[in-house]
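Got some structures for you, see below.
Two complexes follow with chain A in common, the first pairing it with chain B and the second with chain C.
Right, the complex of A and B next:
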């Protein structure tokens, strides 16, 4: 029954999405209100039908309805409630259903937002893109990979959830990424609407600002949660292995970040109009490419559990999207071209332009490295992979360039900057940065790129704080209030500006963590008997022995280690191997996180005689990556929130 | 087969809701028109940002004026006019 109803709901949603696209097209062509309203209603109906589908599938997981193949493949009776609900996106069919449900939710939110704004001229054309994208994903989920496919005879228990996915981070990581990925469909749809209706002014830029920021925010969170998951679950001591699927979610983040910055130049100077359209088209295409890489299995990845035969369909959709979008852009080129008015290189618009070039260059390098195995296979007949060291080495110059631009950009004016004013603004950040570099050098840090990165990160931190205070001082002076009051008022009112300060401070802090953990990490691997010790840095890890634990869903072999730090007791750490039925064993690592370094323990293997092979990592400053990421997310939220309304002074009614 | 019958049933209900604006419009002959747009709150915020930058010495008057001009929305019509002006200029140059 669930299978029957679920499939019918999906087919109905597909028919409605197709009608929505037809009605949107007619509304946009003929300015027909009834068709526009019909397209809006179609979006609402699709959303309701897909919500029902999701509820139905979650219910099937909760009641262990193994007559549904998807439920039988991704859950079992002993799975905790938390993971039963998240099983919705554990496999491909459910992920796509969740994806298209999110898209329908975004579509309804866009309609609501447009109704509130009152300016609905772009809405029909915007809905056309959204309906077409929804229809494509509904074709996939209702025909190609239906989550309600029946299974007969139904087994008494399911296969269970992949143990790698039994992690709280993994419950949050995919939805965050999906919210980010799908979110970029909205600015893309507005861009297509602007091109289609020839409304090429800044109206569409203003409309998409918060949508883009929202998508970027969740993509940032998704990537961070994925990195955290890799750090605690994959057991190789790091958090970013430049895996193709990791890169696939990094790529739209990079171009999305570039877009967030370049639209400011269009808003402030009316420039980069063609570039902005191109960037949002590419960003949306990269979200589709990301799904294609994950689902096609063309490149081997840690996300191999996501492989399927849907790759060619995604590829066709990707090619059509790119061809149609760029054809529309090409058609409007005569109206879009503006001459770049160069007053001086020392200006904020040039800093943003260079930031865009650096981000785009980085994206191209990551894309090339990611697709290299497929390209080499096509050209040479054998698949060659570019490893993490290649990506790290190639990304380093871009990271340094971005930090440098970040450090100087807030000291620059729009239009032109006086050299002396620029030098005065940069004096404090530069002096402190040089001081930090000198202290680090004296402390034994000999790595040139790391020293430069630390100095620049400190310069960014200070440059942001100095600029935020300078603006607040100006506000305090003009409004004749205290500095603290002006600052508070500005954080509430100028949320985009002050949110960006927090984001950039977060990015600088993240760089401190990334440089520390990637440059100065070290590790020791040894096979030890109980009572033997492994030394790393100031730590001594004494292997106490192995023990076996039985749980309702798994059996675990646990290695216990007691740690001393410079001779003082530092507690006990454990790492274990979990054995789940139907799956390969997985390793759970032990981590002791401190402000300046992480001690990271992995049970790599064990012998029957009680010996264990332990791998110990000392990762400096890793904690700052998560702190910086959290700050960047907070800044993103501040920038996304609508501005606080100014209090209007009420005049008392006149007495008669 | 059962799936298709149920699909027709569900989609039928949904389409009755979705198509009703078109059926009503046919009765009343209503077409076209868009509501008047309300002012964009972010335009106000940008204006405040510019004022702050002027006060903090991060922007000069010339830039501020240029920015103000940019905030005037272009319409499809103005773009068409611009294209026509360009075409006429090109023709004049050729002559």
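Right, the complex of A and C next:
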């Protein structure tokens, strides 16, 4: 019954989305307002139908309706409420439903904000792309992988959620990634609307700024949560393995970041207009590719391609999207071209342009490495792969270039920078960076790239803080208030500028964590009997023995270790293997996070005689990756918040 | 106009340089991705080359020496098999009958020395055993 209702809800939503596309096409072509209204109503109806579908599926999870295949495959009777709800996005069919529901939510939000803004000229054409994308994903969910597919006979209990996914981080990671992925559909739709209706002025750029930032923010959070999940759950001591699935969510983040920066040049100087259109098209295509890769496993197994009907459908959608949008861009090229007026290298627009080149180059490298197995299989008939070391080595120069640009960008002006002023502003960050490098070198850091990265990261930190304070100081002087309150005021008023300071400080802090943990990580693996110790750095880990624990949903084998740090007691750590019914065992690691390093314990295996194979990692500075990430997210939120309204009158939209 | 042309020239040179570095980096980094049978036909061709091989862990062959952290097993695809040695601990999902990818080099003695074992299809989302993995 649920199956029938759910499937028909999805199918009606599909029909409505198709109608919405037809109506918005007509509305955009003939500027017919009845059709425009109909397209808006269709979007609302699709949203309601999809909300009902999601509610229906969640309800099926809550009442353990195992006559739905999806429910039987991803949940069981003993699953806690929290995980029952998150099972919605535990598998392919459900997460595609969730994806398209988010898209319908975004569509409704776009309509609302357009109604408020009063200027609705772009809306019908924007709705056209949104309706078409919705329709495509509804074709997937209602025909190719229906989450409401019945299972007969219904089993008495379900298979349960994969234990690797039973982690709060994993509950939040997919939805925030999806909010980010889907969010880029909005700026893309506006770009298409601008191209389609030949309204190529700055209006669409203004409209999409906060949408893009919102999507970027959630993509950032999603990637960070994914990395942290990998760190605490996968138990190999790291957080990023350059797995195709990880790359898939990194790629749109890179191009989206580039886009956020390059639109500033268009706002300020009216330049890079073709580039901006291309970037948002590519970013949207990468979010679709990302959804596809994470959902189909095409890369990790090329052969999955032929088996799943999803593959060809996604490929067709991608090719059509790219072909149509670049054709539209090509048609408008004559009216978009501007002579590139970049007279001097020492200017903010050049810094942003170079940042864009670095980010795009990095994205190309990651894309190439990710698709290489498939490409070589197609071209050479044999599959070749590139491993994590290749990705890391290739990413290093881009990371350093980006840090360098970040370090100098605040000392640059738009148009032309007097090099003396530039030198004066760079003096302090440069001096301190050199000092840091000298201290690190004296302290025994021999790794050239790491030294450079540290020096640059510190320079970025300093450049940002000094610049933020410089403006605050001037403000404090003119308005006769304390520096702290001037700073607070500025963060409230100039949210865009101060948000960017916070984001960039966060990025520098993240780099410190990434360089430390990826370059200077150490590990020891040994099989020990109870009472034996493993030494790593200043720590000594004494293995106290194994014990077995029984829980309602699992059995665990726990290894206990007591730790001393330079001879002093440092508490106890545990790592365990959990055995859930129907699944392979999973390892839960023990982590002691400190300011300068993480001690990371893995129970890798154990013997019948009570010995255990323990793997101990010492990961320097890893904590700072999460701290920096959190800062970047906070900065993103600050920049995203709408400009504070003045109390007396309606303020026109303010440029920063 | 001339400055625009110069900008383009600069950009093209930059891209060309990047591509050159990129390609030279690739030459040393890529690995062949093979099935056991493909590999077993001409193991000599791969001596001292990085290879990834996809196969199944032969159920009766797994041998683990905890003191020396040595893992030995046979990797098979039903038709041929190759002996694999690995120093270190196997991932959680590693077990007899499991589909895995080994990464490493084959020695002159024909033993494959893995530097990494990846559990094939880290299907975080899909139920293990549901998908027909054996059909390659």
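Throughout what follows, the second predicted complex is superposed on the first by the 623 of 656 C-alpha atoms of A that agree within 3 Å, B and C clash if a C-alpha of one lies under 4 Å from a C-alpha of the other, contacts with A are read in each partner's own complex, and residues count from 1 in each chain.
In this section, a residue touches a chain if its C-beta (ideal position, glycine included) is under 8 Å from a C-beta of that chain, and two chains touch if they have at least 3 such contacts.
What you see is a predicted model; the values in this text were computed from it and never measured.
In this overlay on chain A, chain B fits alongside chain C without clashing. Contacts of A:326 after superposition on the shared chain: neither chain B nor chain C is touched.
Note on the composite model: angle chain B-chain A-chain C, taken at the C-alpha centres, equals 130°, rounded to the nearest 10.
In the superposition on chain A, contact is made by A:361 with chain C only, not with chain B. Once the two complexes are laid over each other on the shared chain, residue contacts for A:579 go to neither chain B nor chain C. Residue contacts after overlaying the shared chain place A:422 against neither chain B nor chain C. In the superposed model, A:520 makes contact with neither chain B nor chain C. Legend: residue contacts after superposition of the two complexes on their common chain; A:471 is shown touching chain B, with no touch to chain C.
Think of it this way: put the two complexes on top of each other by chain A, and the tightest Cα contact between chain B and chain C is 17 Å.
Under the contact criterion defined above, no residue of chain A touches both chain B in one complex and chain C in the other. Within the complex formed with chain A, the residues of chain C that make contact are 1, 3-4, 7, 11, 14, 18, 22, 25-26, 29-34, 50, 52, 64, 66-67, 69, 88-93, 95, 103, 120-128, 130-132, 135-136. Against chain C, in their complex, chain A makes its touches with residues 73-74, 90-92, 95, 159, 162, 164-165, 235-236, 243, 245, 294-295, 297, 300-301, 303-304, 307, 339-340, 342-343, 357, 361, 365, 368, 372-373, 376, 382-387, 389-390, 393-394, 525-527, 577, 583-587, 604-605, 607, 611, 613, 615. Interface residues of chain A, counted against chain B in their complex, comprise 4-5, 7-9, 11-12, 15-16, 19-20, 23, 30-35, 37-38, 41-42, 45, 49, 117-121, 197-203, 206, 209, 267-270, 334-335, 413-416, 421, 470-471, 473-475, 477-478, 490, 493-494, 496-497, 642-643.
Here chain B touches chain A in the complex through residues 2-4, 6-7, 9-11, 14-15, 17-22, 24-25, 30-38, 40-43, 45-46, 48-49, 51-53, 55-60, 62-63, 66-67, 70-71, 73-76, 79-80, 82-83, 86, going by the rule given at the top.
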